[in-house]
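In the two complexes that follow, chain A is the common piece, with chain B as its partner first and chain C second.
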Partner chain A sequence: MKFSINRTQFIKTLNDVQRAISAKTTIPILTGLKLVLSQEGLTLTGSDADISIEATLATTDEKNQLTVEEPGAIVLPARFFSEIAKKLPEDQMTIAVGDNFQTTIRSGKSEFTINGLDANSYPHLPEIADQNPFSIATDVLKQLIRQTVIAVSNQESRPILTGVHLVLNSGEMLAVATDSHRLAQRKLTVSVPSDVNYDVIIPGKSLIELSRTLADGDETVEIRIAENQVLFKAGNLAFYSRLLEGNYPDTARLIPTSSSTQIEFNAPVLLAAIERASLLSHESRNNVVRLTLNTADNTAIIYGNSPDVGNVEETLQFENLTGEDLEISFNPDYMKDALRSFGQTAIMINFTAALRPFTLVPSEDQEHYIQLITPVRTF
Partner chain B sequence: MAELFKIPMENDTSRKIIHIDMDAFYASIEEREQPELRQKPLVIARNPSDTGGKGVVTTANYVARQYGVHSAMSAQKAAELIPNHQAVFKAPNFPLYQSVSEQIHTIFHAVTDKIEPIAFDEAYLDVTKNKLGLTHTIDVVAYLQKAILKETQLVSSAGISYNKFLAKMASDYRKPAGRTLVLPEQAIAFLSRLPIEKFRGVGKKTAPRMQELGILTGADLLAQSEMMLIQNFGKLGYGLYRHVRGIDNRPVAYQRERKSIGNENTYGQPLISEEQVQTELKKLAIELERRLRKNQKHGLTVVLKVRNRQFETITKRKTFSEYVGKAAEIEAIAWEIWTTIGHAEAGIRLLGITVTNLAPQTFENITLPLYDWERE
Partner chain C sequence: MGKIHELSEILSNQIAAGEVIERPASVVKELAENAIDANSTQIDIVIEQAGLQLVQVIDNGDGIEPDDVSTAFKRHATSKITTRQDLFKIQSLGFRGEALASIASVSDLTIETATANSLGTFAHFKGGILQTQKTSPIRPGTAITVRDLFFNTPARLKYVKTFQTELANVIDIVNRLAMSHPQIAFTLTNDDHLLMKTAGNDDLQQTIAGIYGVTMAKQLLSISAEDLDFKLTGYVSLPQLTRASRNYLSIMINGRYIKNYQLNKAIIKGYGSKLMVGRYPVAVLNIQMDPLLIDVNVHPTKQEVRLSKEPALMTLIEKAIYGRLRTENLIPDAVQNLKQTKVVDVDQLQMDLNQITSQRRNATGTVRPVHQTSMPEKTMKTEPTATQIAETETPLKTEPTADPNLNSLPIFEQPRQLAQWDDKYAAESVGNPFGETAEDNEVPIARFPVLHYIGQLHDTFLLAEGEDGFYILDQHAAQERIKYEYYREKIGEVSNDVQNLLVPLVLEYPNSDAIKLQARKELLADVGVQLESFGQNSFVVHSHPTWIAQGQEEATIREMIETVLENGKLDIAHFREATAIMISCKQSIKAHHHLDDAQAKALLADLAQTENPFNCPHGRPVLIHYTQKDLEKMFKRIQDPHQSWSGE
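Let's turn to the complex of A and B:
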């Protein structure tokens, strides 16, 4: 294998692929980066067994300045190789594989020789047939990920909850995540034939990495789903993730359909107040704040307490309050995560009772996005 | 030089502390149950001829002690010391001892709630204020010893002073059925007379080093400088310098918080399948949730203990950022740990789950009923 390439273009692609490569892996060859060279282009692959990323630098793309001298394949130690590539002196670099997988990297007057591994011993990426793919706008997918992954569980004791449940049914896509103390749900309309239906659970970690990998320039992401893998294709990039096995709980029944107290806030204003109230509660072992809503006085008061440090009380600024009086306690961290996911909008919070879950929805569109938080019972 | 680094010392002599030590507790209970044992050398240990010489003496009665038998000695050695195979060995009956200990604690509570239990047979009581309204501490002690004797037919020794260290030294001074009072003005004289081995922390290892330095009694210890003791004995030296001056301001640690709550079970018929293990873990988790709830606690760490047929015991823990207290969570975590350390084929004799890193459960984050079995 021998080729020369524009170093800046190469590093850009390498950075994407490297997201999938972990230094700590039980499979030694996965600490490596796989390079496959054909007349069409150079393909880079990285994987940690859960996530695999593949990206191609095409010969036809002039920016790549890719000259293929001899096609072939090699696996190089990712950490050393990427550091070398980033520190080479010239714009162009040449990579040549010699005997025993010894690989020479040249740029200007600098020459490195590093030990590579046989590309045939690298695991094969899953083959995912291209039947029934569907596409989503990149920014919509990134938003969906941002809105749901916050509710994913980080406890391995219930593996299924570490994923986002994605259901595609008759052109409606529903994404749900819950760690059993909160729940996030997003609905979308997707243009697919109505007989294309899916029900899968994608690991939250994979979605976070995907979201970081997707470039803003790519307009759409193509999604293909197989039995235990999902593939996201955008531009020159292919992102594979394993799927979680098992049955996701039926979450639809958990979302309250009515409410007895409603309050409307400007999300960033409430977020700032919750951040203040949680300054002290964080210090105590009881990370809880209390919200008191009084409809007759038209007041909303937040209270946080840490026995060792002190307490905080703040009269909240809100847009509108209706319904019954209520006193409710909750974990401020859950509230902060939820509020951040709304950005700069007005939101409605709907309560039913002090010990029942409450929901947050955008005031403008209460149909497509909902955050649910369970309260805290204090003794 | 020493003056530059003088650590201030305060001596709190305002308290009234009692140390109660039950005399030959386990042996005395056995004698009470079987009075014919009183005249025989009784050793609380499994008979070494049944254990192949293994085992240690937990207690011996006063007859056995005359032959030089003492606790922590090997049972085999005790058998050798007592001539003509007269020694009577009895395996300890801990549930019985515990129930007697609870009886004694009820008596303590009639006097004060500031009780720090050290073992089944030993406790410190802070009686600076006593519930009986007695003026003299000696009367409080007399009441306690009489009440214990009446309720349990057991004899105890008591030490009375103004701190825990002196109270313990005092209870040890005269045994059995002793009652020793050390007043603040007597403390230094009392301690000076004691052999160095009697001081807390001076054991088999330290005593010879003390003797090499010419420290044989409390008086010798009192003559040493603080720096010398710290240089030679570190933290122990720091403590000894104070103790020999009758200083020990540690409070009586009553209401000591529980550090962990656990539940374990031994299986006479070893478990041999993963299904059996799963069923047992579920049972243990349900009972553990009940215990945690009773104590209003939840914890950050779950520990699984597994013992196989070969008596190999493995424990493994997992710590979380959110408190755990629900049976379903405990079971799932225990099962997850099991999958990393357990092999049912090895035959499982014991399973135990413990929750530690406890905090008072003053709040509970309500959980969504995700699965049918979680619905209330």
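Let's turn to the complex of A and C:
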């Protein structure tokens, strides 16, 4: 195998693929980067068994300046190889594999020889048939991920909750995540044949990596789902992730359908107030703030207290307050995460009772996005 | 005729042997225990090939009357108990009357025995059958020789492990027997090598020295405690002397070595946070109690016992150890910490120093008040006085093979140094560094020196000068201790708030635990964990206390439940001790952190206020100490004892 390529283009692709390569793995070959060269182009593969990323630099793309001299395949130690590639002197670099997988990397007057591994011993990527694929706009998918992964659990003792539950039914896609303290749900309409239905759980970590890998330039992402794998294809990139096995809890009944108190806030304004109120709450002892709503006086007061340090009280700015008076306590961290996910919009908070979960929705579009938080019972 | 018939005596003995005689060590144990029960004062144990070839136990005890010899080898034949009542107040080690019959049934055994006023008897058994019996010219006592163990039970013989393993087991058994009976002189010889020898002069510490070595014995503290039911005496190690296993914990009840997990736990609890994680102390505890309170008739080997007042005994042990360690100066001696310094040197040094102090005192008359004659009583309660030192030396002189180091043993607890502290505190009417606490308590609180700050070394260690020498402190460990004692209090004051769960936790427990848990649900409810029954052995948790770290909910709740199952109580402050340790570690200054004088002095002052300024919460030492003598010796201001000896 021998080729030369534009170094900048190569490094850009390498950075994407490297996300999937972990320094810690039980299969040593997975710490390597797989390179496969054909007349059509150069394919880079990285994998940590949970996720795998494959990216292709095509011969036809002029920017790549890819000249193929002899097709072949090799696995190179990812950490060393990427450091080398980034530090080489010239714009162009040449890679040639010799005997015993000895690989020479040449650029300008610099020449490295590193020990490679047989590409045949690299695990095969899952094969996912291209039946019933569907597409989503890249920015919509990234937004969906950003809005739901905040509620994913990081508690490995309940593995199923470390994923985002994705349900596709009659052209409607529902993404739900909960760590059992809070819940995030996003609805989308997808243009697929109505008989294409899916019900899968994608690890939250995979989605975070996917969101980082997806370039803003790509317009749509094609999604293919197999029994235990999901494949996202965008541009020259293929992103594989395993799926979590098991039954996701029935979250539909957790979301209250009616409310007794409603209040409307500007999300960034409320976020700033919550951040102030939580300054004094102590993470390991008393991470709680209290919200008091009084419809008669038309006031909303937030209160935080830490016996060691002191307390804080702030009268909140809000738009509309209707319904019954309420006093409710909650963990400010959950509220902060939820508010950040809304960005610069007006939101509606709906309460049912002091000990019942409450929901946050955008005032404009109350249907498609909802954040739910469970309160704290104080004594 | 039915098919069921009574087994022959030999066969039933062999069956019994299967239980009692598992390996050569069991033979040694049974025979040595018989010797102890026979009021012997000298027991010699000779084995060959780890006991497989030969086990010989020779004692100078009561002996057996000629007429009784053949009876003694019958099953359930014993002189130790007679009536039913005796079973409930067993004073002797044995009582079942099975050992001799069992051993004889699986070996080739000869016995020579004589009482004080009868002719001696010789008898030979093979496979449990009497071969010969005749008179024998033997002095009072009993000698039993067991050869070809397990010759007729090949399966058991195969089960026997390597010589090393079996030998280790024998040594272990003899060690424990010797420690439980310091008044008996034991010797153990394997293939003509003397493996162990104890003096038999009723000094437990010397016995321990004979078993674990002098170095270790020197680092033991004597403890004693008593309540209405129990009398506890023994030795426990300083926290710096630890082992990786619990094997060095020996508990003897009424002279019987027993294994009891709960009592081991009590010992470890007595050390509190002074032990490093995964390290266990060395301890030898002799407990005397009314035989009515203990049931040894649990297992044929009698290592497991049932105690009727176990919790009270646990509290007694824990308090005794805790109280004893509190009175100790726990600053490791820098010189002893140095690996290259040989133990002998330290002994010699200390003896030497004794002489020098007395010489100096005589010569100048102006030295500090360091005199053994004026030692206050409280330190002397447990430490031998100078006269005792002289006394213990005398019997040893008659034992030419005894370790010559033994004679320096009684000064190992550095009474001189302790005496200095006591003198100082007696003399210092002003500036008691411990304020009221010292007055409130009868037990003197461990002495923490008044330190004068000198400077910082490598931005990591603090150097300080005390009344009696030079101190080096680890600044991180010091602050960690201060913070730990602060957070240990704080961490228990959790809020009662509970966070609701959207998806409840389902916890499943085995039947036995679920029943216990059902009964103790209230304990958990009190700390904010509401268990709801969910099916037969499962519980649902709908909410959890807010203080539980995020992501740790299930693990923490499970741990709380386990604590409740095991201890029957749950103390949040204690439960969160690990968190307190972690917070204190994180919040403390690390190494390579520059401190100015004011900061360093504040740290020393805060450290002096702590309950245990000697160890960080992980058990590492906070400060080490060079006495002035150590320093003088290093600079050869005091002649090295070796040089002065060789010079003569």
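As a working rule, the second predicted complex is superposed on the first by the 376 of 379 C-alpha atoms of A that agree within 3 Å, B and C clash if a C-alpha of one lies under 4 Å from a C-alpha of the other, contacts with A are read in each partner's own complex, and residues count from 1 in each chain.
Convention: a contact is a pair of C-beta atoms (placed from the backbone, for glycine too) under 8 Å apart; a residue touches a chain by one contact, two chains touch by 3 or more.
In this text the structure is predicted, and so the values were computed from the model without any measurement.
Colleague: Look at where chain B and chain C land on chain A after superposing the complexes, then choose clash or fit.
Modeller: Overlaying the two structures gives a clash between chain B and chain C.
Colleague: Based on the superposed arrangement, let me know which partner A:Q143 touches: chain B (first), chain C (second), both, or neither?
Modeller: Neither: A:Q143 stays clear of chain B and chain C.
Colleague: Taking the superposition on A as described, I'd like to know which of chain B and chain C A:T94 touches: first, second, both or neither.
Modeller: Neither partner.
Colleague: Go through the superposed model and pick first if A:P357 touches only chain B, second if only chain C, both, or neither.
Modeller: After superposing on A, A:P357 lies in contact with both chain B and chain C.
Colleague: State whether A:R377 touches chain B only (first), chain C only (second), both chains, or neither.
Modeller: Both partners, chain B and chain C.
Colleague: One more residue to check, A:N132. First (chain B), second (chain C), both or neither?
Modeller: Touch partners of A:N132: none, neither chain B nor chain C.
Colleague: Contact-wise, after the overlay, does A:T295 reach chain B, chain C, both or neither (first, second, both, neither)?
Modeller: neither
Colleague: Check the contacts made with chain A and report whether chain B or chain C touches more of its residues.
Modeller: Partner with more touched residues of chain A: C.
Colleague: Considering only the stretches 21-29, 129-137 or 309-317 of chain B, report the one that runs into chain C.
Modeller: Among 21-29, 129-137 or 309-317, only one stretch of chain B overlaps chain C, namely 21-29.
Colleague: State which residues of chain A lie in both footprints, the one left by chain B and the one left by chain C.
Modeller: Looking at chain A, the two contact sets intersect at 155, 157-158, 161, 178, 180-181, 183, 249, 251, 254, 285-286, 288, 329, 331, 355, 357, 372, 374-379.
Colleague: Hey, which residues of chain C end up touching chain A in the complex?
Modeller: Those residues of chain C that touch chain A are 490-491, 493-505, 543, 546-547, 549-555, 579, 583.
Colleague: Once bound in the complex, which stretches of chain A touch chain C?
Modeller: Residues 153-155, 157-158, 161, 178, 180-183, 249, 251, 254, 284-288, 307-308, 329, 331, 333, 355, 357, 372, 374-379 of chain A touch chain C in their complex.
Colleague: Which of the residues in chain B end up touching chain A in this complex?
Modeller: Interface residues on the chain B side: 296, 320, 322, 329, 332-333, 336, 359-371.
Colleague: In the complex of these two chains, what residues of chain A are touching chain B?
Modeller: Checking each residue of chain A against chain B gives 155-158, 161, 178, 180-181, 183, 249, 251, 254, 285-286, 288, 329, 331, 355, 357, 372, 374-379.
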